[in-house]
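Chain nomenclature is as follows: A, B, C and D, assigned in order of appearance, with residue numbering initiated at 1 for each chain independently.
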Amino acid sequence: MVNILMDADTLPDPTDARAVRRTIHAFPELGFCEIRTANLAWRTLESLGWVLTGGTSLVDVDGYAGLPGESELETACAEARAQGVDHQSIDRFGGGATAFIAELSGNRPGPTVALRVDMDALPVAESRHPDHRPAAEGFASRNAGRMHACGHDGHVAIGLRVAAGLSADRDFPGRVRLILQPAEEGVRGAAPMVAAGVCDDVDTMLALHLGFGASLGSVAPATDLYATTKLRAEFIGKASHASNAPEEGRNALLAAASAILSLHGLPPFASTPTRVNVGTLLSEGAPNIIPARAILHAEVRAGIAAVHEELERRALAVLSGAAAMQGVEVRTSQTGRATTATNDRVVLAVIEEVSETVDLIVGAPQPLRASDDATLMMNRVQDLGGHAAYILIGSGDFGAHHSPTFDIDESALEHGAHLIEAVVRAGCPEGVA
Amino acid sequence: MVNILMDADTLPDPTDARAVRRTIHAFPELGFCEIRTANLAWRTLESLGWVLTGGTSLVDVDGYAGLPGESELETACAEARAQGVDHQSIDRFGGGATAFIAELSGNRPGPTVALRVDMDALPVAESRHPDHRPAAEGFASRNAGRMHACGHDGHVAIGLRVAAGLSADRDFPGRVRLILQPAEEGVRGAAPMVAAGVCDDVDTMLALHLGFGASLGSVAPATDLYATTKLRAEFIGKASHASNAPEEGRNALLAAASAILSLHGLPPFASTPTRVNVGTLLSEGAPNIIPARAILHAEVRAGIAAVHEELERRALAVLSGAAAMQGVEVRTSQTGRATTATNDRVVLAVIEEVSETVDLIVGAPQPLRASDDATLMMNRVQDLGGHAAYILIGSGDFGAHHSPTFDIDESALEHGAHLIEAVVRAGCPEGVA
Amino acid sequence: MVNILMDADTLPDPTDARAVRRTIHAFPELGFCEIRTANLAWRTLESLGWVLTGGTSLVDVDGYAGLPGESELETACAEARAQGVDHQSIDRFGGGATAFIAELSGNRPGPTVALRVDMDALPVAESRHPDHRPAAEGFASRNAGRMHACGHDGHVAIGLRVAAGLSADRDFPGRVRLILQPAEEGVRGAAPMVAAGVCDDVDTMLALHLGFGASLGSVAPATDLYATTKLRAEFIGKASHASNAPEEGRNALLAAASAILSLHGLPPFASTPTRVNVGTLLSEGAPNIIPARAILHAEVRAGIAAVHEELERRALAVLSGAAAMQGVEVRTSQTGRATTATNDRVVLAVIEEVSETVDLIVGAPQPLRASDDATLMMNRVQDLGGHAAYILIGSGDFGAHHSPTFDIDESALEHGAHLIEAVVRAGCPEGVA
Amino acid sequence: MVNILMDADTLPDPTDARAVRRTIHAFPELGFCEIRTANLAWRTLESLGWVLTGGTSLVDVDGYAGLPGESELETACAEARAQGVDHQSIDRFGGGATAFIAELSGNRPGPTVALRVDMDALPVAESRHPDHRPAAEGFASRNAGRMHACGHDGHVAIGLRVAAGLSADRDFPGRVRLILQPAEEGVRGAAPMVAAGVCDDVDTMLALHLGFGASLGSVAPATDLYATTKLRAEFIGKASHASNAPEEGRNALLAAASAILSLHGLPPFASTPTRVNVGTLLSEGAPNIIPARAILHAEVRAGIAAVHEELERRALAVLSGAAAMQGVEVRTSQTGRATTATNDRVVLAVIEEVSETVDLIVGAPQPLRASDDATLMMNRVQDLGGHAAYILIGSGDFGAHHSPTFDIDESALEHGAHLIEAVVRAGCPEGVA
């Protein structure tokens, strides 16, 4: 069913959001490695007449702590090539440069409306159980150990469906910008795009997410967007023969183990939910060598920005204290961040107004209890006098986000696309500038 | 200086132990992946007229817990090919089948004397400092992240030098068997060879090691060979979104962290030294996912076999208790083992007798305070009525074993080879059988 | 200022709530040891004509896990005697039997209204700083290491002030019951009273607390009453000489340390706040002995009863897993519990109605984010068809609850007493029975 | 059987070492609290004509970190009084001043020979099992939770038996000094005595210990006396309400728990055995309060002084790192110490010479694998040119030292006393001075 070649003839029809979602679902790519996905979107938007800016010329991720390692980036290029991406596109999107923007102007003046479209997948192995529709219908992940378990495949499909709709009839005010963002997972991809200015002239910033508690057939404003920091900590000790000279080593793994337990033991805060998680640990070597290096990736989150800052300070104290306990060094860096955000009433009003026209119910605000670096874009737009909203499109009651059985009811794709198109056509608020 | 091609013309001269050691040093290979090294030894011994048995036909490592993963074994084949090993040899030694034996008979009846020759290197990144001779003289490791930091390169050079010496003059009693063992690190390679019967008809079993406290120009019997088990433990929990549903996860990494701290906290035993080390930990995923899996490799050691057994029992209790704390599963397997061993006086007597003829001083017994699965070979030979000894050849005062600056005084290669050759020619004790 | 003798002549005047509060404040007593406090209340209520039932004849705390140890109970008796309590009263209230109830009937039929009055103090050392009014004005704690840092001194003063008011004019419907509860800290004292039936015929159950975010001059319904369990865990290992035979010990303290870290690392739940705390640890012995015993006291809490149950299950799994890691035994027992509770609208309506008459503002519902075993009484009454409410009386903006500088604005005592008296006089809802 | 009164008439006969041992065994006293024991020894030695110096006038323990708390010292006085010690003696020995020395001169010139006699017991609850002789024969500990589980009761009995023997016949050279030392457990009592000069004029210093692997009927030199430090660490955080404001606390107990695990995880040293133990932990408070304080007592030991120093440095790093992890303060102090020691051949020669005359076999050197602050006395004497030895007197094969069933074969008391008396009479080596 899923064609892996990517020549123009075989691009899925963008008005068939289900088909688009499925081809993307079958080839999930991790953050900053979304070469095939970006290429599919780029070529589709190109064919629809949108103006494109992106790849290496748009953002600078050089030396960015959130970027995968060089060999992983190279593997991504090799895989994309094997999956039918042409050489020129790999040059454009390789090395982490998968971010791009696409613009289309309507037939009359008006605001600039931006929609964030995130493209990346997760390091989760997809279920092969016949009850899991992608498995049953043959579009489950073909990329081992990776999965669209958060619905970003659907976000791209929605974005392209919106693009097809607007291209087909340019009777709308102002200008629409699709912001194709890499690496939402790990909240890494938005910051460089914001730094590149992609939000600076936006009047209304829209971000959407499938699922997260909104019921099918409804749209709901999201609340409880947590501020977060993703941290990388590298403990650097000293190797030695574990039997013959254990005392000459400095044990980086013991430092990491102490840190992990104490990070998870950071206290809750009465004023707002907080989260701490150490998600990965890598300490290579051999059983008979005192571990000289241990690298972990962690995150802290909070529903209030000031609490998040305090929590991050405490997490850093745990990391440095743990290193001191073992006489090892620790180097920490931020690999991603997002902040809290609030929805502007004026944007919600437009959404409420048009929702009926697209047969969607407006649900009660839904707590996301998670983070999204679209908040950086929202904050940037709001700081410059514009408006923003983060909405949830109900996508049915499937497996939990980030789990191997996550899925969506694909009718949500049309729901989301029709809503966004209607919002654009209705006219969004302009910024104060 | 080091030729990476391996056609017959370019094999190093086996009488030049220094050259042999350096070409092996430059291409260190991890346990069960010693394809280039085994091939170099095989072809050299073949050219010297030794009778060879090995590769896939000798030992069965299928399903062996100590074997590297399939992709690592495949990478080893690819690398060996790139480094000049021919197709036929890769077929022989690929997939973990690097073990082989080589035999030569003397010109008169006598005992079967076996010498264990271990071939593998360590996952240590070699120093590039100009004070480190391999770096200064251009034969430092060309295989990233691996290093002959324990002298096995020298062991192979000694073995081949002994072979060259004996081939040149077959005036010796009985038969000599070189046992080319993979994966001494992790004490993984001996057990399958012993199971294959390579020690069953041996009268005198010799194992040697460079360094470990013997002074240059001396040979010393080794004591304090620790019994050891290498353990792999895999904690299997359940992933979930770390912010939005943390309670649905079961945290495998927290279980591992608790286990690591408590394993290192196992008590010392008054009767004998013990060692516990967790040398590696791998928990992949993402900062925003509760870790569903964590894999560690550990070892326990003791100077007394019964204490070692008790210590292993306690380590397993720590692992299962830690899993229970987090509601996760743990699967443990043994990936290697060695035991204690004692030197037979009759073998030491021969060594003492001939040492003067090769200008070596006999030093006091040296505590190894480490493990070697040559002990499994020694025990097997002793159990069947034969004799055994483990000796240390002084190799100068360089960086510690397993450290990035480990090196040897290469004159030790001649010392070791001349001693072994002299022992063989002098006639070793026969077994009782 | 504070008279420590307790003969009838020297009891404080119950209409002077400030004086009552101060004499209680000066002699804080821990849970189940409130002998002096209970005696003061008993004798005051007796003098006001209330019908009293209590001490050893009311509740059975024998073998109750939440009871202090025998020596602590004996010390409490000795201290009470030294502080002027007569022999007969010590017989009544000693051994943990400080609970009692007091009843007064009005001059016409009506509902039974109960007010919970908790009496115990905390193991906190009170501030001696001159900015702390109890220190400045001479009524700071005279009982070392104990303090009324949660306002229960004020609760007793309010209860007695209500009693004095109602005794002076019996023009009210039905019957009022004061429930003098020991050991609210640790949520230990309510369960045995509920079991003794003190709530079984109550139509309207009232609980109040000073402070907790209500502003001075206001009364506010409390929300976010967390379900909680207090746990005692005793790890029982085996002592041995730490140097000469460390391997013969089984280390109870290491088990406890692992448990503590993992208890604090239990995950948050997305649906409701949770809390885990290990508040005490005792492991006696000597530096040169492997610790054979470690006793900890912990608590788990959650805003939803089902989450609380799951959290408690996980806490118990941590405790038993930690014991298994060290080969020690663990015995756990529940020393206290409380549950969630909701306020009945019909009760709040009465409070709102009368508040104006006593010059109190009705504030917005205030999250308590804590636990109180008055919830067991509330649930019991509601289960039997009655009604309940938990209200907060604003007491000014002093140091945090449970801190050494906690204090109240004493005008809150009159506020609380007048409100309760007005509610009783207004007539509370009857139960369905 | 055991008379608890201590008037002159009821002192046990010092020539009946068994009786002396039993009365001491029945009333075990912890370090610096040995009032009854010291008094018994003092009065006995006084009656035998020895010259006594001691109590408050001999050593200064004021402000000494190893001293028990004031209330514990006061309790010790009260208990001693209740057990028949007169007022004057309590004045002499109270407040930690239980150390004293006793001297007797022979009838001709000669060296000063000192014997260390330690008096304190352990915080171990003695077995009441009928197989345990002290229980079966009625002299088990009457002091709850304390026990002579290390044989110091026997040491005092030996010392007094030696005194009786020498007093009865003063035909010996030189002068004998008994050094009655408190608080050997915790290695606290020797340092202040050494500082007071009690070893400065000693020619031959003797220390003995019952048991520790010497077989009954033998005397053996002790080896493997470990250097040690006893550490007290107090973590000081900040209390807060664990539910309502957990983030305002700074958790001292979590810091202690992390430290405990990492202290036990300090690496072994290849060159010599090491030991680390955290023997006690106290963190008081309540389940609903974030623990503001946690106090632990730990020890580190090593068979080589330099290793011990390094190990102590690492232990301190663990403690301060753990505190930093939680944002709490830690204060550490040394409460005791001992060092390594070696036996002088000239002293052993005398022992070997006389042993036959007292029917004792001289056993092979026995590793103590423990610490004793008699080593501070030995080192002091050796530093000033004198000689020293530490010997073990076989006392049968009973429960392990420091266990609830430890016991001795009481014939060992005569063995030890006769040996020491014979050594004194034979004439010990003089120092160089």
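The criterion applied here is as follows: a residue touches a chain if its C-beta (ideal position, glycine included) is under 8 Å from a C-beta of that chain, and two chains touch if they have at least 3 such contacts.
Because the structure is predicted, anything quoted here is derived from the model rather than measured.
The chain with its CA mean position farthest from that of chain B is C.
Residues touching across the chain B and chain C pair largely coincide in numbering: over half of the numbers involved belong to both copies. For chain pairs A-D and B-D, the one joined by more C-beta pairs in contact is A-D. In whole angstrom, the spacing between the mean C-alpha positions of chain B and chain D is 48. For the pair chain A and chain D, the distance between C-alpha centroids works out to 66 Å. In chain A, the residues that reach two or more other chains under the touch definition are 243-246, 251, 254, 258, 261-262, 264-265, 267-268, 270, 275, 290, 369. Residues of chain D that touch chain A in their complex: 243-247, 249, 251, 254, 258-259, 261-262, 265, 267-270, 290, 307, 310, 314, 317-318, 320-327.
By the touch rule above, chain A contacts chain B in their complex via residues 122-124, 185-186, 212, 226, 228, 230-231, 239-246, 248, 251, 253-254, 256-258, 260-261, 264, 275, 277-291, 294, 297-299, 301, 335-336, 368-371, 400-404.
Taken in their complex, chain C has these residues touching chain A: 261-262, 264-265, 267-268, 270, 273-275, 369.
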